[in-house]
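In what comes next, chain A is part of two complexes: it sits with chain B in the first one and with chain C in the second one.
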Partner chain A sequence: MWTLLQIELYKIFRRPRTYIAFVAITALITIVQLGLKVDGKEYAAFVMADLSNTLQIDGKIVNGYFVCYVLLQLLLVHVPLLIALIAADMISGEANMGTLRLMLTKPIGRTQFILAKFFAACIYTILLLIWLAILALFVSMLIFGTDDMFVLKNNYAVQIESADIFWRYAGAFCFACLAMITVAALGFFLSQFAENSIGPIVATMSVIIFFTILSTMSIPIFNLIKPYLFTTHMVAWKEFFDVKVNADNETIRGTIQRPDKLINSSLILLAHIVLFVGASIYVFKKKDVLS
Partner chain B sequence: MYLRKKMCSVNDVIIMKQFSKIFFCTSLFVFSFSFAVNAQDMTALVQKVKAKLDLVNDYVADGKMKTDVAFIKAPVGKIKLYFKKPNLIKIKRDNGISVLPKGGISVNMSSVIASKDYVALLSGDAVIDGIKTKIVKLLPMNENSEIILTTLYIDEPNLLIKKAVTTTKENGTYEMEFFYGQFANYGLPDKVIFAFNTKDYKMPKGITLEFDDDGKPSEKDKLKNKKGKVEITYSSYIINKGIDNNIFK
Partner chain C sequence: MKEIIQVTSLTKSFGTFKAVDDLSFTVNEGDVYGFLGQNGAGKSTTIRMLLTLIKPTSGDIKIFGQPLFSNRNEILKNIGAVIEKPDVYKYLSAYDNLKLFARLSGGKHDHHHLMNQLEMIGLAERAHDKVKTFSQGMKQRLGIGIALVHDPQLIILDEPTNGLDPQGIADIRNLILRLSREMKKTIVVSSHLLNEIEQIATKVLIIDKGKKMVEGLAAELFDASQTIVEIETLNNDFVAQQLAGSYWKNNLQSQRNHKLVLKLDRKEIPQLHKDLIAMNAMLISLEPKHSLEDYFLQVTSGNQHVDAFTN
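Let's look at the complex of A and B:
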């Protein structure tokens, strides 16, 4: 299994396509960081405009933690598309090159084969998120420094102490890994049904875009299906940045407002991963490999 | 005989009318005089309070600040408050962001009564925390003043302001309560509670990128509370040691 995984990883990182995602993320983050470095005060004034009606907020609002939150909000919608580029190519790419049948002539079980490919896609996904974390969090901390963080919700704002933030990002990135592996599992599942990469990549992107639109529209009829869409739960990482308050409305350090929601979303995403990977194994075992 | 009686009654009426006029004028004069005396007395009292506060040219105070605004979840933070006469004030939170009511209304009374352009009128007495206080209304003489009216509750024997309610043109009404302790001699409080009106807060979902409803129903009800409160508890003061003006920039 380990050898298989190494082979798969070698194949992934040998292809130039793999690095598109890393380059794209680097470019996007750099542009946003540059923009915020130059005009960060104006951006902060814009997003804090409603609060500024009543309150005077003094301090380093545009700091590394805040910038990272802005970046994650922007990028975690688009990163799935970059993950689909690799995950949806895992089986279909082999089929396209005609190497799938050749590989299966080796004395390896199909389950083992498919799991090695899936784990390789997972490692790619995790590495992409680690790269995202390095650029969005650590580089932002270096450029903008650190301070308390203001998180703006629809009906309220949360001020989190700087000493209480880092573990939240660690949790948020772990949750993001789970969400992105769900995307990878979907792409991986769809890649079984085509003999070229374009079809499953576009299909995965389409599913994500379609579900995301349904998840974000506040129309009562869609509210019924929202809890069952994995895209609804992919954004639950934000729960790490909401804090409980005591009776005096003081934030309680080290707490999360709705841990139940976080656990529920994690379980739903995990169920999706198991479902997609299980279905992939089932389909692949039954499949008559001709390419 | 009849004519004589008639003449007498006419004279009585004239005398009565004249007496009434004199009485009315005298009363008006006495009332106006007493009113003027009262106003003058309160100006004197306010000046005495100001003179006490003027003992402090500058100070640096350490304390804890608690922000209680319905739509903000904020931690209690350590702060440093810098004050320099006449009205320079800066609150710095140790390693953090400070949230204060907008409008720059100071948490120090010196700046409220720093100006001499006001009329001070007695408005009655009130008991605050078991202490009898004089209610003094300060009306600014300058029509362009941001402050419309300030009501002070003054502990006359100790020359301490126990409470102040300030109504402004742009930023609503502020209420400050002062609790004194070891620095009462300088007119500096150990604790200040600053209450103010808040406006509605609603962020577009396009900015927050949060598309599900946040907050439980009970929390939403809490958000309807339109009164904000900032509470500062001071632990120490460093008085009249000089402060660089750059701190207030």
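Let's look at the complex of A and C:
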């Protein structure tokens, strides 16, 4: 299994297409950082416009933590496409190249084969998010410095102390990994039903777009299915940045307002991963390789 | 002799279509087993079942004396295969592809061993070039190299000469003969080209529409005393009359595709040629064929496949 995983990773990282995602993320983050460096104050003034009449804010609003939050909000919507580029190609790409049949004439079980490929897709996903974290958090901290962080919610603002932020990002990135691995699992599952990569990539993105629309529309009939859609839970990383307050409305360090929501979302995403991977193994074991 | 492959009543259906129909055969140790049939006859489906890529609808396959599907990994360790096109990772070099598949097969993958393999298939000089720069023939040789890299006992080659030029075909043929004679491998090779199989096989199975047509030793099936000769002249009717009244009257079989067909011993062909000249036949061609082909044409789909079968 370890050999197979090594081989799968070797194949992933020897393909030029793998680096498209890393380049795209680097370019996007650099542009946003550059924009905020030049016009950060205006952007902050625009974002805080509703609060400016009632709240006097001192200190550095556009700091590294704030920039990272902005970047995550922007990017975590688009990263699934970059994940799908690889995950949805894992089986279909091999079928298209004709290497699938050669691989399967080797003494490796089909379950092992599927699991090694899925774990390789997971490692790719995690590395992509680590790269995202390095650029969005650490580089932003270097460029913009650190201070307390302001997060605007629907009808309130949260101020998180500088010393209370870093663990929240660690948690948010771990949660983002879980969400993106769910996307990878979906792409991976769809990858089995085609002999070219385009179909599963487009199908994965279509499912995500379709579910995201259902998740965000406040129509009563959709509310029934929302809790079961993985897209509803993919944005739960934001819960790390909602803090409990005491009777004086002061934030309590080290707390999350709705940890139950976070746990629930994590479990639902995990269930989706198990479902997609389990279905992948089931389908693949029964599959006649005709490519 | 030790039985390497035993196939019993193998059937594969896709919906209502039977791709392989109640097929049984045995491959013994050291055989070069020619698996012959037209395109769509069921050769590739059978080979894919031997390699566990396709699950049979019914029937049994035993390889090395063990049921295939319950001992899959153990059996596949001792099999090397090329299935139709030798598709490998085009973005990797020949060396990297070979190393990758050697590791997967559980074989040796040290530098010396890999270079020896590349030397054997004539790719040592291009070892570190990406496969996307290779010709079809080079890819085919690399595919065979991958099949051999873990030193398997049984080699299965599905249409290994597809898409190759005459030199490439000859190279593959020589490699197969070398593997059989020098390295004592058991080889199953499928083809739709009779002359390819004729030159390498020790045993032959012909299938058509998924069914076994004939199986036997190549030496018997390609019996020289049963050579079919096709004659084309500008005065066929006259020549047919002349032959009917001559020594060759019992050899005359039929008139097919505007050609006269005779069955005779291969050694008699020079005399036939002389006699045709003597009887003023305006000879365009005299082409020896084999009884196997004739047999095949009788029992399968007829003359329309002559060209495909004899190219």
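In the analysis below, the second predicted complex is superposed on the first by the 291 of 291 C-alpha atoms of A that agree within 3 Å, B and C clash if a C-alpha of one lies under 4 Å from a C-alpha of the other, contacts with A are read in each partner's own complex, and residues count from 1 in each chain.
Heads up, the rule we're going with is that contacts are C-beta pairs under 8 Å (C-beta built on N, C-alpha and C of every residue); 3 or more make two chains touch, one makes a residue touch a chain.
Keep in mind that this is a model prediction, so the values were computed, not measured.
Engineer: In the overlay, answer first, second, both or neither for which of chain B and chain C A:Met97 touches.
Structural biologist: In the superposed model, A:Met97 contacts chain C only, not chain B.
Engineer: Kindly classify A:Gln73 by the partners it touches after superposition: chain B alone (first), chain C alone (second), both, or neither?
Structural biologist: first
Engineer: So, does A:Thr111 touch the first partner chain B, the second partner chain C, both, or neither?
Structural biologist: neither
Engineer: Counting only touches as set out at the top, which of chain B and chain C does A:Lys60 meet: first, second, both, neither?
Structural biologist: first
Engineer: After the superposition on A, what does A:Phe150 contact: first (chain B), second (chain C), both or neither?
Structural biologist: Touch partner of A:Phe150: chain B, not chain C.
Engineer: Counting residues of chain A in contact, which comes out ahead: chain B or chain C?
Structural biologist: The partner making contact with more of chain A's residues is B.
Engineer: Is A:Tyr10 contacted by the first partner chain B, the second partner chain C, both or neither?
Structural biologist: In the superposed model, A:Tyr10 contacts chain C only, not chain B.
Engineer: Does the superposition put A:Gln159 against chain B (first), chain C (second), both, or neither?
Structural biologist: first
Engineer: Please write out, lowest number first, the residues of chain A touched by both chain B and chain C across the two complexes.
Structural biologist: No residue sits in both footprints.
Engineer: Which chain B residues qualify as touching chain A in the complex?
Structural biologist: The contact residues of chain B facing chain A are 66, 68-77, 91-93, 95-104, 196-199, 201-203, 205, 207-215, 219-220, 223, 228.
Engineer: Can you name the residues of chain C that touch chain A in the complex?
Structural biologist: Where chain C meets chain A, its residues are 48, 51-55, 72-77, 79, 81, 83, 85, 87-92, 96, 100-101, 103-106, 143, 146.
Engineer: For chain A, which residues are in contact with chain B within the complex?
Structural biologist: Listed in rising order, the residues of chain A that touch chain B are 47, 50-61, 73, 147-148, 150, 152-162, 164, 215-218, 226, 232, 235, 238, 242-243, 245, 248-251, 253.
Engineer: Show which residues of chain A lie in contact with chain C when the two form their complex.
Structural biologist: 3-4, 7, 10-11, 14-16, 97-99, 101-109, 286, 288-290
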